[in-house]
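In the two complexes below, chain A is the common chain; its partner is chain B in one and chain C in the other.
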Partner chain A sequence: MSIQFGKVCSLILREHFGEIVGKVGTDLYKWGQKPLMSVVSSTKLSVEKVRQSLCILVQYGLATFSAGRSDRIAEYSLLPEKVFSLLRYPRYLYLIKTKFGVEAEMLMEEFLKAGFGSASRIIIRAATRLKEKKELEDASTNFPLLRDKFVSLVNKQYLMRCPAPEKTEDGKPSLIPKLTVAENQLYLPPTLNIKALTILDEGNPADAGDEGVYWRINFDRFHQDFRDQIMVTAISRRIDENGGEIIRLLLQLMYIRTEAWAQISNPIPFTELRDTLRKQDPQSPILQHLDQYLKVIEEDSSGFITRVGDSGGGQYCINMRKSFEALAWNCVENIIVERFGSKAARIFRLVKDRKFIEQEKIQQIAMIPAREAKQLTYRLLQENFLQIQELRKSMAQNAGPNKSFFLFHVDLEEVARMVLDFSYKALYNATTRRELESEENRRLIEKKNKVDSIAANMRLQGAAQEQLDEIEEMMAPAEVELFTKVMNRVQKLSEAELHLEQTIFLMQLFLNYSTK
Partner chain B sequence: MATRVKQEPVSPTSRDVSSPPPGVNHNSQIVEREQRILNLLQKSTKAISDKEILLEIPDLSPQDRATIINNLLQKGFLDVFKQGEKLVYKFKEPSCPSKIKGADNEEKIVYSIIEKAGNKGIWTRDLRVECNLDQTTLNKILKKLESEKVIKAVKSVAAARKKVYMLYSLEPDSSVTGGAWYNDQDFEAEFVDVLNQQCYRFLHQKKEAVKNCKDGPIVAQNMASASSKDVWKYISELGISKVQLAVQDIETILNTLVYDGKAERSVLADGSLMYRAVESLLPPPGIVRTPCGVCPILKQCSDIGSINPNNCVYMTEWLE
Partner chain C sequence: MAGRGRGRGGGNSFKDINERIGLPAGGPAAGEAPVESVLEPPPLFPPLESRPVPLDLGVEGEYLLALKRDFVEYFHDSPSYLQDIVVKADIQRYSDRYQTATLASRTTADLVCDWTHFPKELKDIGSKPRRKRKLKSSKGNAKVPRKAEDIINRLEELEKQEEGSDAEGEVETDGKKVDNNDEIKDADSEAGEEVDEEDLDEEMDDGTDYRNSHFDNGEDYIDEEEDNLDDGPVY
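What follows is the complex of A and B.
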């Protein structure tokens, strides 16, 4: 929670929902929990506008409300972590596309657009879009397929049921609705009437069998997948593909017996792992050396898994906290390599290894010339990657510098927070620059869009090639060139934002685990 | 140190009883007794007193004893200490006074202090404090000893201006010269870098060789590991180093590889170290692929002021 974080949040909100929502969101971020009227007074917007903005925020799950000090007035608060998930939309879609196919991606896109919705409405919309895309005659042919996809998304917990207002005892709705959902209903797939969907699609009223049941996206489930992906790739890099596969299986088995975000998984017996592997692929080359692989992964310095017992051929735990500590170290080290060079990274790792170390020792062990070593060490200190600890020989006030030791050390959590903060700043910079680039060339982009749409219309009307060429020529060659240049820049900046988001994700995960 | 033992008052009675008749064999007797006392001194670890000498040679006259002790003192075989009221003697390895022939006492003292410092040498300031001579005298003595090639001055790598003195015949300790990594007080960074690269190449080759190993990961890992001795052999055969490197030197280099995150170290049951090339867990993180991730002035950057994202030169350059 820093100023930089707040700035990024309001920028994201402004970009996705416009100026007014951005303003309301920023206000909520600054003040924490506050009621509607107080937002109105501090933002100086009309009540109606603020109300609409809050509505939008609540709809997309970016803000919540609860009764404040008085039972009659609801207080709203922003969920900044959720705001960040707006950036991850492309990643969510990509994940669903690779796992469940295009139809599921379409469903997910509808959810992302709407925030939440009933199964029937989302399916109908997705079907309509599919129809347009595939140029099918009838949308209804897709209904059974889409329904199945929807059910599997719910089963895999990518979608969850929205909490509904609790009914009060006297049957009247309370002033501030309390939203709840029963545990067993959270991931209970809906039963849908396909026939009714077809009728609804034609614009007639019908009961699809899911009246009043709304669904939304379970972002945590996606984050869990991203997290697993990071771990699997890390082990694949460190050991080999087979090692990565084993981690993937272990994670799968972990979810059966452990809560997904626990720091350490409950023990997983070796035999179970072997059986799962055998079931998956009886000819798997890993089977032969499974025990060896486990030993190698366990002995690796990253400490992803630990052996905890001998029953069942050995029991293994996945240590999430340790894994992400190792990954965070690695990430910070990589950043130092790129920013200050590999010699600086050597010093950083040395300090990490020795916990507390003096300047003289650093240059001796790192085998770097004294002058350079000093420069690099103090550079790292200045940029807050290293911390210094003074150790006095005497407690006297006027003891000179000769009377104390200066020891360097690393506080990873502090460094992680700092890295996170400058990631936010970089993200903010990339986004502002991207906005500037498109703002500066707005007229050009608008013109291009106009020309494109005219050309598309003409083509639909069956215009001759000559006419189309004529329209194309409305854009001067210089303009076309500039346009592609600007588009390239915007593209490059958006890519940078995606890259940044990954670093931020890793660091946030580490901090979540270490401060739990 | 070089004090003379005072002649003890000789009682007339003891003279009558124990003094040998003066004659030709008196001198040879003294030489023989001197040897006996010397043996006695050499055998005992503690200092011995007159009484013990008397036990060894009961018929030694105090006069002769004084002569013998004085002789031994002159030859530099023993030290005399005062214990309470008594005098005690202790054996001392004789410094070869022949090396500084014709030297006066001050020179001898300076010489002995420098000698004691061994191949680590002694810093001029420490020397001055220890010998308690004033600067000019000491400088004169040092200059003289140096010109006679009895001692030499060696520059220490720890501090460029620090000069240490040691005996001429000694080879300076590696803490003074800095070992293989120093050439005339200069740290040879390039040499270290080349060795670092070569060591990594060796480990990396080993790792690549077992990539398609079919015998399981442990075998593969063992085959990819190399002991520091293996690496040492490889480096010695390459012949990149003009100086003879020790296994320990190679270990220091290998440790820098570990701190570079390119290798991992493991200890075998017998205590020997094994090294193995490893791949880092993550590819370079996304942040360094953006200009801000490597920006030197990110801290100064903000919405207002001359450093801002909208007219950032680094970003413009990157976008081109």
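What follows is the complex of A and C.
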């Protein structure tokens, strides 16, 4: 939890939910757990506004509450990871779209927009949206399809049941509800009454069979998928498409026998992998070369899989921790190449390879002229990509300089944390800049939007081309030019944000695995 | 990341280190220019040494960007986007009326579907603190804004009166006005059960929200500054 991360979080909150929620979120981030009234006093907002903000934060799962020291006062705390996830919403949707199709995407979108909600309500909303999109007569035709999609999303654990408030002894709702959910109910799909949905859709009260049962998104599941995607693309880039396919299958088999976030998977027998592959596609060209492929992936320096036994044609483990260590190394190396040039990267790789190395050795082995090598090494040291370790020959305090060595080494975790930190900073800067750009030119953008909407209206009414041209001319050429310029800049900054988010995801994963 | 690595000079050990890792101990070698001590922070926007790699986005990226824009827009229009109702004190604008009306109509109550999942203190929106204020106002503090309401009522009455007969209307309005005042007193003394409903749009009742305190004593500003001071200067 760094200062930069906190800044990014409050910026994200401000962008999505406005100034006030941003303020409350920042306050909660700073202090950890806090009761309502002390948020009020430290933010100097009205009680009303703070209440509303907390409602919003809890509704979207960005904050939680629990009974404090006294049972009567709830203490709220922000979940910064969840706040950061707001940036990933588009990626979640895209994933669902590619895996389950448009209808499931619509359901997911409604969930993201509502925070949490009951199955019936979300399905009805999605159905209405679908109706508008496809211009169907009746929303209810979509209900069975949407329900099936919903159930499959629950079965695949993309959705999970919200913990429900425990009943108190006297039956009255307690001041601070204690939210719990039974383990076996977490991914138990709901039984929905489609007929009731149709009645509800018409605006009449009906019992859809899921009273008081709410669902929310299981972000963890999505992150697993992102992780798998990263691994598959990494191998496909390093070896080829077939290699990526093998990793994908191995990951599939891993889920059967291993907990999803384990550092090392349980052994997967070769025969089982072959059988799955055969079942999937009996004519698959990979089958002939399967053991060669496995050999290549195993011997690759990234160490994604390791062979752990010979029984059943060989047993293979996926080593998550090692793979992400390799990916993090690569990422840092790329950063160094782009920032300091390939020679600096060579030095970095050398230090990584030798673990601990002296300055003179670096010059010799890297085959870079002494002065340049020195400069680059110190540059890396100054920017904290390299660390220095002093090694004394004797333990005496005032041992002369000749009695000690100075060895360069890389502490990857520290470097990763630093990379993460400046990624946050870059993200913050990019977002701020983007906001400034659009704020400075707000007038222009508004005007453009207005002109566009008028033109679109006219076109719908079947206006002549002359009229349309006339409307277009309401924007002066200079204005149009400025507009495209501003839009280009905004576009570029948003792209940068997307890419930064991916780097951040990788680094977070690596740190998660290595500190476990 | 800047700021580190500038602590050289001084202690003997640094000289040792320099010597050991290859820097001549007695300052820079003859060929190199002496290192000047840096007294100012590094520039805010240092020149880029190398051009960043162009970003490639592809179709997928564009779709993601569009989705992101949609989300932000959705949240801006939803009740979850909290805003202060800012009153521009200079003149009363016609458009203000609609703006504040749309803002006021969006409450978090629309957003939340089941209050049993929330602590109870969050639910009682607008009841407790408002009630206190109401009690205070019953002691006579709120007489001034009430007058404003009276004026509106009176104007309405006058309008009616213009349409109807004049002499009769005069008496009627006077009577009504008294009635009105009585009602207010009644409501004040009760000031309990039905307050909630009425209070939700109390702010707008009087047509303005001058009563609300928009005074900012600038303490927030200093708070923010303080944080930065703790961390030392930020470059």
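The definition used in the following text is that the second predicted complex is superposed on the first by the 488 of 516 C-alpha atoms of A that agree within 3 Å, B and C clash if a C-alpha of one lies under 4 Å from a C-alpha of the other, contacts with A are read in each partner's own complex, and residues count from 1 in each chain.
One rule holds in what follows: contacts are C-beta pairs under 8 Å (C-beta built on N, C-alpha and C of every residue); 3 or more make two chains touch, one makes a residue touch a chain.
What you see is a predicted model, and the numbers here were worked out from it, not measured in a lab.
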item: First (chain B), second (chain C), both or neither touched by A:368; value: first
item: Touching partner for A:496 - first (chain B), second (chain C), both, neither; value: both
item: Chain B versus chain C as contact partner of A:237, first or second or both or neither; value: first
item: Which superposed partner A:21 touches (first chain B, second chain C, both, neither); value: second
item: Chain B versus chain C as contact partner of A:350, first or second or both or neither; value: first
item: Which of chain B and chain C A:296 touches, first, second, both or neither; value: first
item: Which superposed partner A:422 touches (first chain B, second chain C, both, neither); value: both
item: Touched partner set for A:342, first chain B, second chain C, both or neither; value: first
item: Partner chain in contact with A:49 - chain B first, chain C second, else both or neither; value: second
item: Chain B and chain C footprints on chain A, overlapping residues; value: 338-339, 422, 492, 496, 498-499
item: Complex interface listing, chain B residues touching chain A; value: 181, 187, 189, 192, 196, 216-218, 221, 252-253, 255-256, 258-261, 264, 278-295, 298, 301, 303, 309-310, 312, 315, 318-319
item: Chain A residues touching chain C - in the complex, by the definition given at the top; value: 3, 15-21, 36, 44, 47-49, 51-56, 58-60, 65, 74, 87, 89-91, 93-94, 112-118, 121, 162, 164-165, 173-177, 179, 212, 214, 338-339, 341, 359-360, 374, 381-384, 390, 400-402, 404-406, 418, 422, 491-492, 494-496, 498-499
item: Touch list for chain C against partner chain A, complex; value: 1, 4-5, 15-17, 19-22, 49-50, 52-53, 55, 57, 60-61, 63-65, 67-68, 71-72, 74-76, 78, 80-84, 107-108, 111-114, 116-122, 125-126, 129, 219-220, 231
item: Touching residues on chain A, where the partner in the complex is chain B; value: 230, 233-234, 237-240, 242-243, 288-289, 292-293, 295-296, 301-302, 326-327, 330-331, 333-335, 337-339, 342, 345-347, 349-350, 353, 365-370, 372, 419, 422-423, 425-426, 428-430, 432-433, 436-437, 489, 492-493, 496, 498-503, 506
